[in-house]
Each structure stands twice: as C-alpha cells, then as structure tokens.
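Scroll down for the structure; my scribbles are underneath it.
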Amino acid sequence: MDVAVIAKEIKRDDLLQMYYYLRLTRALEDRITALYRQGRIVGGVYTSHGMEAIAVGYASALERDDVIAPFHRDMGVFLIRGFTTGEILAQYLGKRTGPTKGKDGNVHMGDLKRGVFGFVSHLADNLPVAAGAALAFKIRGESRVVFAGTGDGGSSRGDFHEAMNFAAVRKLPVVFFCNNNQYAYSTPLHLQMAIPNVVDRAKAYGMPGEIVDGNDVAAVYLAAKRAIVRARAGEGPTFLEFKTMRMHGHSEHDPAKYVPRELLEEWKKKDPILKAEQLLKQLSYGDEPYFQEVTERVKGEVEAGLEFAEQSPLPEGPEVLEGVFAESAGSY
Amino acid sequence: MDVAVIAKEIKRDDLLQMYYYLRLTRALEDRITALYRQGRIVGGVYTSHGMEAIAVGYASALERDDVIAPFHRDMGVFLIRGFTTGEILAQYLGKRTGPTKGKDGNVHMGDLKRGVFGFVSHLADNLPVAAGAALAFKIRGESRVVFAGTGDGGSSRGDFHEAMNFAAVRKLPVVFFCNNNQYAYSTPLHLQMAIPNVVDRAKAYGMPGEIVDGNDVAAVYLAAKRAIVRARAGEGPTFLEFKTMRMHGHSEHDPAKYVPRELLEEWKKKDPILKAEQLLKQLSYGDEPYFQEVTERVKGEVEAGLEFAEQSPLPEGPEVLEGVFAESAGSY
Amino acid sequence: MATETTQKQQEFSYIEAISQALDEEMARDERVFLMGEDIGMYGGAFKITEGFLQKYGEWRVLDTPLAESGIVGAAIGAAMMGLRPVVEMQFADFISCAFDQITEVAAKNHYRWGAAVPMVIRAPFGGGIHGGPFHSECPEGWFFHSPGLKLVAPSTPYDAKGLLKAAIRDPNPVIYFEHKFLYRRIKSLLPQEDFIVPIGKADVKRVGNDISVITYGAMVHLALEAAQTLTNEGIDLEVVDLRTLIPLDKETIYSSVRKTSKAILLHEDNKTGGIGAEIAARLAEDCFDCLDGPVVRIAPPDTPVPFSTPLEEFFLPKTGDIITAARKLAAY
Amino acid sequence: MATETTQKQQEFSYIEAISQALDEEMARDERVFLMGEDIGMYGGAFKITEGFLQKYGEWRVLDTPLAESGIVGAAIGAAMMGLRPVVEMQFADFISCAFDQITEVAAKNHYRWGAAVPMVIRAPFGGGIHGGPFHSECPEGWFFHSPGLKLVAPSTPYDAKGLLKAAIRDPNPVIYFEHKFLYRRIKSLLPQEDFIVPIGKADVKRVGNDISVITYGAMVHLALEAAQTLTNEGIDLEVVDLRTLIPLDKETIYSSVRKTSKAILLHEDNKTGGIGAEIAARLAEDCFDCLDGPVVRIAPPDTPVPFSTPLEEFFLPKTGDIITAARKLAAY
C-alpha cells in the first residue's frame, strides 16, 4: 500500500489503535496456545496467528451499530467489540463468566448487544444469517451494514452460494469476505476449487469483488471501508478476498506437516504485525520503544484477564437445563 | 444456426429422428394435458411444451451407455432411451406397468438399465448425484459421460454449487445444463439472480460455459456434442445454458397470468417444432406431407400407448410394503 | 335468511384461517414479514398469501430465489435483529433442504449464546392429495430431536388461526405444520376478535370414557369419525388433539389416559420415530400404573408416501383401522 | 513372554478396528472407495485412513471440498453405478448439511424407481470429549424416520469391524455411527480371518435375569459397569447391545424383556425422540403383558450438548443413574 494514501485515508489514532489490537490479539492467542499446551484449555484451539490483520482491519472499519458474523479466526472482532480478555479467557476455560456461560467453547462467542453473531461450526451457515440481518436493516430503512466471513474451505458449501445470491438479488447491505489462507484444514486450494482466486465466485452473483492483501491491516481497513460505503449507499453486497496464510496448524493439536516449510518461511516475512510496525515507522507514528510499550501493555491485559478467568466459577451442572427456549426476544 | 454447418455436422437420419422425437414428445404431452383436463391423470402435470428441443437435442447427442439425470421438463429423454408411450402413460395413470410401478408419479421415472436417473423433486439434488456417476466412470476408466440438468430456479440451490465445484475440481466427465425458461414457477429471473445469464455461474467453478438457443434442436445437439467430446477427452465438465421459454403454466393447473402475453407471442414464433421443420425444408430433408405423416404416426403411437396404459392394472395396496430396501445392487 | 348470511360470513376454511392469521399479524405488528417461493406476485402455491404483496409491499412479502437453506438462514438473521419472519415452505417436504439451518442455527442459538430467534416456518404437510413421495411427507419426526424448536400442527380452522398467531408471537423458532388435505375440506366459525391458541396445550376434541385416541392434524377428523361409529357399539372414545408436538402437553395426555386407562396413538407420520413413540414411552414411564392394556399405535408403515391411489389408500390410516383397534382394546 | 507378544498383536482398539475394516474391504473389493474432508494426505481428522492415500491412490481415497451435501450426493451417484463409496463425516454433527441428500435421495431411490444405493456414511458421534454443541452430537434420532436407511452403532472393536464390513457389503445406504469417545479407550482381540457382524442383530453383552438394559454405543460400557456394581446387591442386569438401530432386532429385545419383565432404555442421544422412545412404544404395544414395571428411559435432557466440563458431566448419563434406576425398578 502506498504510504501517502494511507496517511490521507486513515487517521493516525485509528492506525495506532489497530496496531494495539493486532498486538492484543497476538498476545491473547499466544497465551491461549500456551495454556492449551499445558492442558488448561477445555476443547480445541483455533487461532488467527499470522492472520490478525483481517479481523482487526475490517472490524475497525465498521461503525459500532454495524453487525459482524465473524469467521473462526477473527479474534480481533471480539476485542474491538469490547469482549474483555477476562471474558474471552473465561470462555476458553469453560467458566460461567464467559459469553456463553460454558454452554459453548472457544471462539464460539456471540452477543447481540455488542453486534457479534456467535460462530456456528458448520462453516458458511452464518452467511445466510448475515444476509438476513442485512435484510432486517433494509426493511427497517436503517443504514447499518453486516460483515460476514468464511474461509476458502467454507466457500465450497451450498450455503455460501445461497447467501451470496440472495444478498445480490436484494442488494442487501452486507459485505462478505473470505480469508483465503491457502488451506482448509489439510486440504490445499487446488483440491477445493478449479479457479485461481476465490473472488472469481463473486461474478456468479453479479457482485463486485476485490483481492486484498490480508496481512496488511491498512489495506484490509480501506477495502472494508469501500465495501461498507457501497453497502450503506444501497448499492448492495461486495465480496472481499483477503489473501493470507495459516501459520499454525488447523487447530493447535495439528502439526500441519502437510504445509511446505518454504511457504511458511515466505509468509513469515509478511507477518501482519511486522508489516504494521513498518508502516507506523514509515509514517513516523511509532517506533521500537512504542511497540515495546504496547507489547508490554497488552501482555498485562492478557494476564489480568487470565487472573479473572481463573478466579471465575465454573457453571454448575443443573445450568445445563437453562436457556433452551427464550422467554422474550429483543430488537437489535 | 448456419444450415451449411448443420448439413456437415449432423447426419440426415439423425436430424429426421430428432424431428420424430420432437413430434412424439409434443403429441404425448399434449395428450397427457388433455387427460389431465379430463381429470384422468393422478397428480400434477409439468410439460416441456415449447421446450422439447432441449431434451431431444442433448439425449440424441449422447451414446447409449452414457447416463442422464434429466430435469423435470425433459420428456424427450425417456422416449429416446426407450421408455414406451405405454409405460409413460401408465406412470401418469398410476399403473403398475409404469416405470415406478405406481410408487411415484409423472416425470419421476428412472431406470438404471436404460441409463436414466429418476428425478428428485428437490431441485438440484440430482446434480451432485450426476457428478458422482461421472466420478464412477472416471474411477473405472470408462469413457462414458453424464448429462445432468437444472432450471434457472434450481440453479439457486446450494447443491448446484457443490456439484459444479466438485465436478470441476476433479475434472469429471459430466455436462451440466440449465433450461433457462425465464421463470421458476411464477418467479421471474430478476428475483432469482443478479446476473444477465445463468451461464455466468460457470466461471465461479473454472468451467467453460456456452449459451445455446434452446429452441433449435440442431444447436442443442451440436453444443451438447462439443461438451460431450470435451468430457470424454478428460477435459472436465461444461455448463450449457439453453435459452428458452416456458409456454404453459408451471404445471397444468397454473394459468400463468404472471407471464406477459407479448412474451408468449414472441416465443411462439420460435417454437422448436416450427424451427425444426424450417430447417428440414431448407435442407430438403422433409416437406409438409412428410411432417404430416410423422405427426400422424406419433399420434398413433400415443394412442396405442394410452390403450396399453388404460388396460394395465393398478398396483394393489400391499405393494406399498415392497422395495424399501434393496436385496442386491447391480453394476451399470 | 339474514342470520344465515351473518353466520356464513363467520365460517371459514382452514386455509382462510391461515391467511387471516398472517394478515392480522402483519397488520398488528410491522415487524412481521413473509418470505418464500412464489408467495408474492403469485400468492403462494396454495394461494394463502394472495393479495398480500399488493397490501404490504415487496419488502414485507418477499418472493425469494429457490433456496430453502438460504431463506431460512436469512429469516434467522432477520429474527435475531428483531423482526418476525414467517417463511413458507412450498411443500413441507422441501424443509429437508433447510434442515441444517433449522437444527444447528435456529434451534441452538439461544442456548449457546442467548440469541432469541423468533421465527415461524410454515410447512404444508401430509398426504391424501396424490402428491407422491416428495409432496406428501410428514417431516415432523425429523425435528423432535432438536431441542430449541417448537412444533405445532393444528387440525381445525380455529386452531390453525390461533396457533399461527401464537407462533408468530413466540420468541422461539416454531415450525407450523399445516395439513394440505384440510385446506379446503373443513370449515368452522371463527371469533371476530383477536385470539390465540397457546403453544403447548393439547385439546380434548371429544370427551369419552373408554379409550384415549391421541392424535393431531388430519387424523383428528378420522378419530372423530371413528368415535361416531363406535358410540353405537357402546365404545366411548376420547379424542385428544395434541395441537403442539413440542413441547408436549403431558398433563392433558396423562389425565386423559388416567381416566380411560387405554391409549391409541394415531398419526399420519411414519410409525417408527413418530411422536406416537415418544408418547408411548412417556406413558410407559410416567403412567404405567394407569394403563389397562397395550398402547396401540396406528400409523402408516415405514415406507415413503406412495403415489398411486390404491397404494396411498393402503398407506394412510383409515377410520376402519381405528375402529378395529378400539374394539380389540375395549375387549382387552 | 512370547505368547504375550502374540496376544498383544491381536489386540486392537476400536479405532484400529475401523481402519482395518476399511483397509480389508478396499483390498478385497476394488469397487470400495473413500471420500471425505482431509481423509487423504492427512489421514482424516482422527487418523483412521492414515496411509490409505499412498496405498490406494487419489481415486480411491478422495480428499473433497468442504461440502457434505455434494459429497454424499456424489457418493449416491457412484453407488448407483456400481461402486461402493464410504463417506467420512469429519464429525457426525456435520451430517445435518447432507440431510436432504440422505433422506430424499439415498433413502428413497430404491423404493421409488428400483435404484439400489450401496453406500456407507461414517459418522463419528457422541460426547465426553469437550466438543460442545457442534462436535458431540448424537444425530441418529434424525434418521429413524426415513425408511430406506439402515443405522448401525457398534460398541466394541469386534462389532466396529464386523459391522463396518457388513455395511460396506450391504446394498443399501447405511449410516455407521462410530463413537469418538471409544476410539482409543477400548481394546479387544480380533479374529485374523474375515468376519462380519450382521446388520439387524442385537447382541446380549451380559446375560442377566432381573432387568434388561437396552442400549448401544458408548453407553454399553456404562451399563456393564453398573451391572458389575449391582451384582453385589443381588440385582442381575442383562445388557442388550442393539448394535443396529434400524432395522431393530425385535426378537432379541422382546425375548430379553420377556425373561426379565423390566426394561431400562439407555442412550446418549437426547431423550425425546431417541431410539428409546421407539423401543418403549414397541414394548408397550407388543410386549405389554410381559412388563412388570414402568419402562425407564435414561438419556440426556433435551438440550444441546454443553461444552464446559461440569455441564457435560451433568448432561451425559452416568453409571450412577443406571444403578439408581435399577434399584428402583428392582424394588417395583
């Protein structure tokens, strides 16, 4: 990205805040990974390691009353939407103070009040749901937007097709994105699709698409902004393909031996935090001591969160029976 | 279509046979419609009236050991594959001598021995199934091809997406087609998709696509041939969009008031039988007396079939219990 | 003459009751909107929403692409944001295409992360109309097993109207099984004022002392017919109309069986895995001492719904089956 | 020492038994092939097919796109042509995405038009592994209701191997529920020669006189544990392992209950609509006179499977539940 363009298009504070969230995401997920290795996490761990710029970039581009249906590597979304490190770690430890009160695990957090949909494991299931939220905005005449994601893998599912098509026909204010991180679990792209870019799928719906460097938080932010503006203007959905690379295993138990070392080496150089620091330096918004300071700060926040989570109570057995049915429904 | 090309590419006998099947399809379905109006048909009636060239054209382009997963307006397929008018009318009268022995109705006929898959109401469900049959051919190293169809409506379903994508990834010997007849039941194209042509969907799979005049049996035949040759050569699937118009209601109970009269008038001039007769005349393969003779001949076949069907027994109640499970499975 | 006219004006068919409920709820609450295939311009395959598009406009009566999963997903999203979507399946059979969205997203969202999903899926179900295996299904058995869903199935115009209103006002996902066979076959008076039939309450449609026939949907009328015939023989059937399948009204069921000591479970759904199984289990568990004879299930055999008339007649439960079973049970 | 080694060589875990069955059937019959996500290069999420790609090649071990409906549909097509596909669901939970293909196409093809569909879907199911609502489901209850499907669920390495072989050789669609919790937790000796466990035959895993515990899958081991404890109290449990859920082995169930006069139905599937309901209904119908007490169901409550440890523990049936119920029933 052209530094001059960035300087013009993104406010300094916004960039610094994105850097902070990149760092916070990294610190939080690294801590979760470490806890996982110590056997202290309940269930599996899927991280956005090396892909943090996607969630941080697009969530920063949205307004507070926009709605997000995050993908399963979008930790940044939760942080930006005000889920505390304590709440999040409580979720990973199965504590009652987590956003799902122990009912569900890991990244499956959601909260309508904070405009984040709980992730559904069944990949792509939340895409039609996101289109439906956008439909609600359109019906009510609100100028709000929905941001909803899938992976390269999830884009093979029928619900992807049905969601994209419906959103395009009705020109709904929704932005779909794909984190193309080269693999679906162990499956490389060429066994998933016969097209060079996932964005080629947008044409099938009459929807504009864009390829974006998913490791460049500024690029993600600006592409998201463009799509959001378009959606808000009533011009309908956009599809964004964020090119990136999954740097860890599919989940933390997976050594990912199927990924060529060279590929990882190559992408390591494009680490989103590294890129962000280079940018901040070029713009003279930040320097090494500053980066150090932020790194320390987020570390503290993670540790404080962990303390909260560890001191939080586990749910009690009979809580199983609560919440199958809703007593009332709100408006969001 | 250029008459010289047709003369060169299609044998006289093949063209005459296609004309015969067009006439037979028309006569059979018109008879079924008349029976329906008399209340003599069990269940609903969906016809290919005005769209006969599609099934006749593509089924004529296939070899006998190729397999077809027809769409629900492809009566010509059954006739070409040797389903007699008697069997077919027995099906429509719910008789035991119909291909489904009364278990299912109308166009839901199939027979593995004759290489025709029974239609599944749930539109697009048979597309992944067709891809799977093509996979079997590929695995066994056979040079057979599968032809499988949907409508413009069915192309919105997730199974369309999953089938097309899988077939493209594995370069399976299957040809997908869409009969784009402007409507899905009452729903016009602009409420179904935001693209000008259904064929635009092929690009999302890295699959070549072609738009074909669906009312020109020679054009359908030649386009099908090209796609079949490609599939047989191991080059993978093709998507064909046959442009046409549904000239009756969705089913015979539907007066289709939502279709503008002018549209029907316009398409009436492009009637596939009319077109075929013009072509045969241009090529001096046929003249009015000949057309008259064929028309009479097929009428006789339909009436003979009706006699067979009417004299056939209905199934008996306890036959309900037969056939839930297979005792053995064959190889086809 | 004058009174007769007045009375006639208040008599409505089952299908009219459904239309009225939709119309009144849409007028009452602007959050209520409709989605489905061919429900707008065409007024729906069964004409239940005829005139609605003109009255409420294209953003409250949405003709959708042919994509059940996408439509249901979109309804979930809109419901979570605070709207009250009512989705029409053209036939209940096609709900299989939306199964994943219903069971994994709609049913679980509130339990998992507290997001209420106030939506209704209308599913025209059942046989007796020569629909064959894809247009006659009773799919309710598929959904007993997904905690978080409510299932209702009215048997009269009164219940049809009152339950649909209750379903629309419920904060949970409700599948509303409306029996196609009853649409135009039964009429009754409806109150002019607003009313609901509460979800979760069965209704004793006929008080009797000897045997409880526990049933729902079209079968209620069969049970009432059988009861009529059996009075002459001194066998006094009580007909319990479940109305709601989930959550079951155990109190009404148990108190009926406590009185009669004998139970027939009657449904049109396949025998194995139908709601009859669940009720039999609960009786055997909670009401064992009050049973004076075997719990008899009357239901179709475990086959798809066959097409041809003699097959479908054999398949469907008949008044005679109830009479025979009741005689045997009375003599037990 | 030498004999110990020999014995050890013949002792295999449940997961090894599954791998062996697949390997042996692939070696025995070249029509057998595998499809699924990450089953090739990676050897499957649970490593069941590790080394298979190298041994059998990419056309008999197909890594597929992430698209369950498309994969199952393709398997149906390949099966109809004469191959013997075995599809792996990565987790049983994702079978909801293929629900339509399974219930509408696979289950009905033979009944409707005589096309056998000899295929197997392997579904790793069940809880106890901190999987939460989307990785712990027992979806078998969804499929009782679709005539044409067979459902099996082994509890031991012997049954796992024998039933998988039988399923692969069966000419019908079979869903094979393999319990994830048992994968590496139980071992047993396996015969060296080829053997099958016939579909449709239950197995009395422990002979006893006082109460029949009818169960399957992981719960079999709980029942055996409870039986052990109860011997000291003079309560003699008979443990009937269903092994096949559809078609049910009524003879074995009834003859056990005729002997003991008391039945506990135990499953990990949700209580409402589980197979326990069906068996209770059949007992109440066909075996009423032989019952000397209520039919007790032990099953999780009607909620999704919760994530956090204390919740999941509360949710899952425990040995103590069986003991308590058995004591009560014995005293009845």
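A, B, C and D label the chains in the order they appear, each numbered from 1.
Keep in mind that, in the parts below, contacts are C-beta pairs under 8 Å (C-beta built on N, C-alpha and C of every residue); 3 or more make two chains touch, one makes a residue touch a chain.
Because the structure is a prediction, the values reported are computed rather than measured.
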Pair of chains joined by more contacts [C-beta pairs], B-D or B-C: B-D
Far-end chain from chain A, centres as C-alpha averages: B
Approximate Å spacing (C-alpha centroids) for the pair chain B, chain C: 37
Rounded Å distance between chain B and chain D, as computed from the means of their C-alpha atoms: 41
Inter-centroid spacing, chain B versus chain A (mean Cα positions, whole Å): 46
Computed distance of Cα centres, chain D from chain C, in Å: 32
Interface hub residues of chain D, defined as touching at least two other chains: 64-65, 67, 69-70, 93, 96-97, 100, 104, 108, 111-112, 133-134, 147-148, 302-304
Residue list for chain A, restricted to those that touch at least two other chains: 100, 103-104, 108, 120-122, 156-159, 161-162, 165, 169, 191-193, 324
Complex contacts: residues of chain D adjacent to chain A: 37-38, 41-42, 45, 63-70, 93-94, 96-97, 130-135, 301-304, 306-311, 313-315
Chain D partner contacts - residues on chain C that touch it in the complex: 93, 96-97, 99-100, 103-104, 107-108, 111-112, 133-134, 139, 141-142, 144-145, 147-148, 246, 265, 269-270, 272-274, 276-278, 280-281, 283-286, 288-289, 291, 293-297, 302-304
Touching residues on chain B, where the partner in the complex is chain D: 67, 99-100, 103-104, 108-112, 117-118, 120-122, 125-140, 146, 158-159, 161-163, 165-166, 169-170, 323-332
In the complex, chain D residues that touch chain B: 31, 33, 59-60, 62, 64-65, 67, 69-83, 85, 100-101, 104-105, 108-118, 147-148, 150, 171-172
Interface residues, chain A side, partner chain D - complex: 42-43, 94-96, 100, 102-105, 108, 120-123, 153-154, 156-158, 184-187, 191-193, 258, 314-321, 324
